[in-house]
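The following pair of complexes shares a single chain, chain A, combined with chain B in the former and chain C in the latter.
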Partner chain A sequence: MKDSGMIENARSVDRAATFILVAGISFILLPLVIAAITATQPYETFIEAGGLSFALGGHFLDNMEKILSETKLLRQLGNSLAIATIVAIMKVGFCFLAAYALVFFEGKFRRALFAVMIATVMLPLDLRVITTYQIVANVAMPLNWILDATGANWAIEKVAGFRPYFRLSLLDTYFGTAAPIAANCTAVFIFRQFFLTLPKDLPRAAIMDGAGPIRFMIDIVLPLSKTPIVATLLFFFVGAWTNYLWPLVAASTPDQQTAVVGLARIADSDIDEIPQVPLLMAGALFVSFIPVAMIAVMQRQIVRGLNLSSR
Partner chain B sequence: MAERTKIVIENLSKKFGNVEAISSLSATFDACAFTVILGPSGCGKSTLLHVIAGLETASAGKIFFEDREVQNLPARERGCAMVFQDYALYPHMNVEDNIGYALKLAKVPKTERRERIGRVAEVTGLLSVLKRRPSQLSGGQRQRVAIARAIVREPRVLLFDEPFSNLDAQLRHDMRRELAELHQRIGATSVFVTHDQIEAMTMADKILVISNGKIEQFGTPDEVYHAPESTFVAGFIGSPPMNLISGTGDGGAFKLRDGNVLSACGWNGPVVLGIRPELINVERQGSIALKVRYCEKLGSHSIITAELADGQPIRLTTPLGSSAEPGSEMRVNFPAKQLHWFDSESGEVISRRSKGMES
Partner chain C sequence: MLALIVMFFYIPVFLAFFWSFFLERPFGGGSEFVGFQNFRRVLSDQEFWRAMWRTLLFMVLAPGTAIGVSLVLALAADRGIRLSQPARNIIIWPKAIAGASIGLVFVFIFNPRLGLFAPLNDLFPGLWNPRIDGTDAYLTLLFAQVWNGIPFNFIILLSGLQTIPDSLTKAAAMDGAGPWRRIIDIQIPLLTPQLFLTFVLEFVGSVVEAFGLIDTMTEGGPGGATTLLVYKIYVDGFKAYDLSGAATQTALLMTAVAIMVALQFRLEKRVKYER
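And now, the complex of A and B:
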């Protein structure tokens, strides 16, 4: 009796869970469905309907054609591709190295370093966008400060008769857009967690075999970390792709902007005009195609790589 | 054949913060001998091995490999190889690459590498699985790969860190025999850490028993078994281990708390009497009465757990076929020549003179 009661229970729990899942999925998918439908409508249908409607329009290819010919989204897609790739590689590279140092080396300041890294997570780029802009606008600024503060500038002025001021702007460059986004240590946690699951004798075995720390990293840890590396690469690629605020600030010309920034520009055309919403939606589909395809193809790797409890 | 390398340890200490894992330990491991470091978990035996290997630095003291002082050398310059408890194979490399990794790092030419890998693979019975990954191997095969990886470099010193503790009983038995044979063949100075006294007794030339980072006894298996130098060694070696009975020496007799006399005794004051379970004679006219609590029948013999008159537990093994019912009485004798006497405070053996006085 008790047993059947348990099964009964499990079934109703199952049903409730399924219901919640379906509700959740519909909630998430509905805007996407609306976007996809709207992308097929001509501008006129949209105006006549007086807003969003569920009628398929058959103008999808026309809208796409317009995206390619009338906007710079294709070029901006290339920018996004480059920037997201740089961001993903830099993030994963630095975080991998940082986690490697944290896990496999003993040091007095290990805990303090880790704490500082955690602290930086509390200071997202959005919060320090102005300072970051100042620095990217002139990456030589710290050098100028040092020269001023140490009195070196004063000395040079005395001798040479001019005051040096260095200037190097990275605005409107791929690297200038990518680097501030890449300065982020979330993946340190992921790699640290992963490294801690490796057998504790593995580094010892490598030492006994005569491997130094670099050899151990390249020959042993790197190949073993393939799954989390692939997962975090994809994860950060998509993250950088959808990043909006900083790329908007860092690039001033349409030719250097990312696709997501360019997409937003389609919306604010003319003040008197109703925005080209179908075109906007078609653009949204166009822009999200690459990351969505990547996730679709690699979702198993992402789940495996970010799943910390079991490898 | 490896060079003859004896290991000399002088006043070695290792501290982790305030915790002293090894305290001022000195010992000499003979060249080409198989030395087993035996002790319960947490006694510092693995730490000692790591310090010898160079995986941990010594806090104080010296280590010599033959005449070379090595305690400050990095691990790779010491010429040791090590076999680990959880194998520590490289999961992404096949057996051949696992074995050959050290040679590759040492820049041994490829043809020579192949040849040497082939040789150790033959010795360790791995020729047929060279292309497999560790995950495709059984536990015994993995341990063989770990051993092959260690011996392929022809090290002067071979270190084993509880290598068989993850294997099942039968496999452990086979691996013990294989390793003993292998040791005969390659003759490197070997140091083997274990908490398993059977491994120690069967494989060791000499056993170093340690507890709490200190040496309890360093001797041949026979010495450790027949002449334990402390109650710790007596209670650790043997299955079941030696009985340790506390009482008082009084007027030439060893008395329990309740006044019962167990045997003659050459000492006055509190002492600990030790006797091996297998050396207690069951006799109808025995002078010592026991109350049987429990009887484990193991086929070849039985192990009886009983109580002395004052309630102290005692275990004895009886020969084939004989057993006893729980709750029943039995009478035994302690053969005078088989008694060991220990100081009740320090646990150290009281000099052998006592034996002479009794017999």
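And now, the complex of A and C:
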């Protein structure tokens, strides 16, 4: 709380600030409110009103029922849930361990490891989607290169009479969609920052008590890190949920697509006629509800855990 | 996990540069070394340069607007008034909504016949039509990107503002510095690290995050007016099966982004800040 009211008359400033915040909140809420109101209108009223209107329609449940029965969004919601969970756990688990190693151990490769991870923050997945797709379409590709380059393939061809070519596609699988999103080390910096704030004597005391590095991690560092772990888990869950370009190419069958992709595909299908706008708006709320609720409920914990102020 | 990072980060990055020197046939039809021919082809393509300029313009306008608006909101919320708490909660919501989902809502809101501006179009026919007018389409895209970009910047800037010691603000007020003066001479200078962070994140973010919006709102149209580079790469690679061209553009875009981020970090080292 900044309260300079004792020194100066802050009332007019506060009034201006209130006005700004009202404008900001309205700006953020307006599209959501329009979506919510339209989602309650039956298609016929929507057409009669000639489009956007602010009249509540009372057909929200009917529209939702249509979403559940006529689209695959429910199944796709399950896919999103699974993929986002896998991504969050992989990312946080790895980054926690990597940051632990970076902070508490002296090693020759520390600087190199740090450099290897910094690069993944600079070049997001959407930037390299073309070649990542090729790799996920055949994860055995590097193996084939190695066999080719070492001459092993040549030898096999001589002996067996055929040239081996391995092929394993991870497209249309949860893991294939999740792993490239998870191959990113942003959280290393968050955990590193957090570990550096822990008392320097902590590891020394643990060693004196005879605790090894794994014991120290599980019994001391892990419980202390609850706040950043929860925050990063939620943050990456939401991030993976809202991802679009990669899940769009990584899964081609509706049964494997995420909810965000599935909704966009529904919108795609009827471009020329007047679209089923109320249904689409209901769908937009349907696919956004879970992550928005998470953020709204856990806002404080996320902001505190990501430790955004001290970077 | 390190293997996963090599597999799904380093190999794709390497592959983009590697393929940019080969003529890659779709469906695994073999490849052929062609030297700089792909680069020559891409760099002499008018469409590539148009998409590049549109991307650069977007990289200036979207982060600039989003961070500017967020800064004003954060300064207001930092005053600790009654609305501060709800604002902190609600303004972060868009972070949890996919661009591709809110894009559908914005398509509807900006629809020339069904949306918010439909009455205006009745009065002045042809005033607003993002389906025909490229500038209108670009503006809707920018608007949606700013909406989606505000929450994270707002939270970072607000967290930064709240670490500025109260005593500083009070001392300044005692010396007769009004709220404006304090914003310009104390709060914004002390906010440099956070402002820097938001610019780095928004710069990279605006290059790639626009994809979900473009794909659902304009599909790059009308007449390519909203085809940013990330969308062009997707169309070239996945619709036209021009793998070499797409890989070459990927390599160029990655280089541009890496150089820009590196420059920003150089800049940060120059700007020394102490608290």
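What we mean here is this: the second predicted complex is superposed on the first by the 288 of 311 C-alpha atoms of A that agree within 3 Å, B and C clash if a C-alpha of one lies under 4 Å from a C-alpha of the other, contacts with A are read in each partner's own complex, and residues count from 1 in each chain.
Definition applied: contacts are C-beta pairs under 8 Å (C-beta built on N, C-alpha and C of every residue); 3 or more make two chains touch, one makes a residue touch a chain.
Worth saying up front: this structure is predicted, and the values here are computed from it rather than measured.
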Inset, instruction - Check the residue A:L29 against both partner chains and state whether it touches chain B (first), chain C (second), both, or neither. - result: second
Inset, instruction - Could you say whether A:I83 touches chain B, chain C, both of them, or neither, answering first, second, both or neither? - result: neither
Inset, instruction - Please work out whether A:V188 is in contact with chain B alone, chain C alone, both, or neither, and reply first, second, both or neither. - result: neither
Legend entry - Broader residue contact with chain A after superposition on the shared chain, chain B or chain C: C
Inset, instruction - In the overlay, answer first, second, both or neither for which of chain B and chain C A:D14 touches. - result: second
Inset, instruction - In the overlay, answer first, second, both or neither for which of chain B and chain C A:V303 touches. - result: second
Inset, instruction - Kindly classify A:L202 by the partners it touches after superposition: chain B alone (first), chain C alone (second), both, or neither? - result: first
Legend entry - Partner chain in contact with A:A250 - chain B first, chain C second, else both or neither: neither
Legend entry - chain B versus chain C as contact partner of A:D126, first or second or both or neither: second
Inset, instruction - Across the two complexes, find the residues of chain A that touch chain B and also touch chain C. - result: none
Inset, instruction - Flag every residue of chain A that touches chain C in the complex, lowest number first. - result: 1-4, 7-8, 10, 13-14, 16-18, 20-22, 24-25, 27-29, 31-32, 34-35, 38, 50-52, 90, 93-94, 97, 116-117, 119-120, 122-124, 126-136, 139, 142, 179-180, 182-185, 238, 241-245, 248-249, 260-261, 263-264, 267, 274, 277, 280-281, 283-284, 287-288, 291-292, 294-296, 299, 303, 308-311
Legend entry - Contact footprint of chain A on chain B as seen in their complex: 50, 53-55, 75-76, 80-82, 84-92, 101-102, 105-106, 149-150, 161
Legend entry - chain C to chain A touching residues, read off their complex: 1, 4-5, 7-9, 11-13, 15-16, 19, 69, 72-73, 75-84, 86-109, 111, 113-116, 118, 147, 150-151, 155-156, 159-160, 162-163, 166, 169-170, 173-174, 178-179, 193-194, 197, 204-205, 207-209, 211-212, 215-216, 230, 233-234, 237-238, 243, 246-247, 250, 253-254, 257-258, 261
Legend entry - Touch list for chain A against partner chain B, complex: 199-202, 204-211, 215, 219-220, 223-224
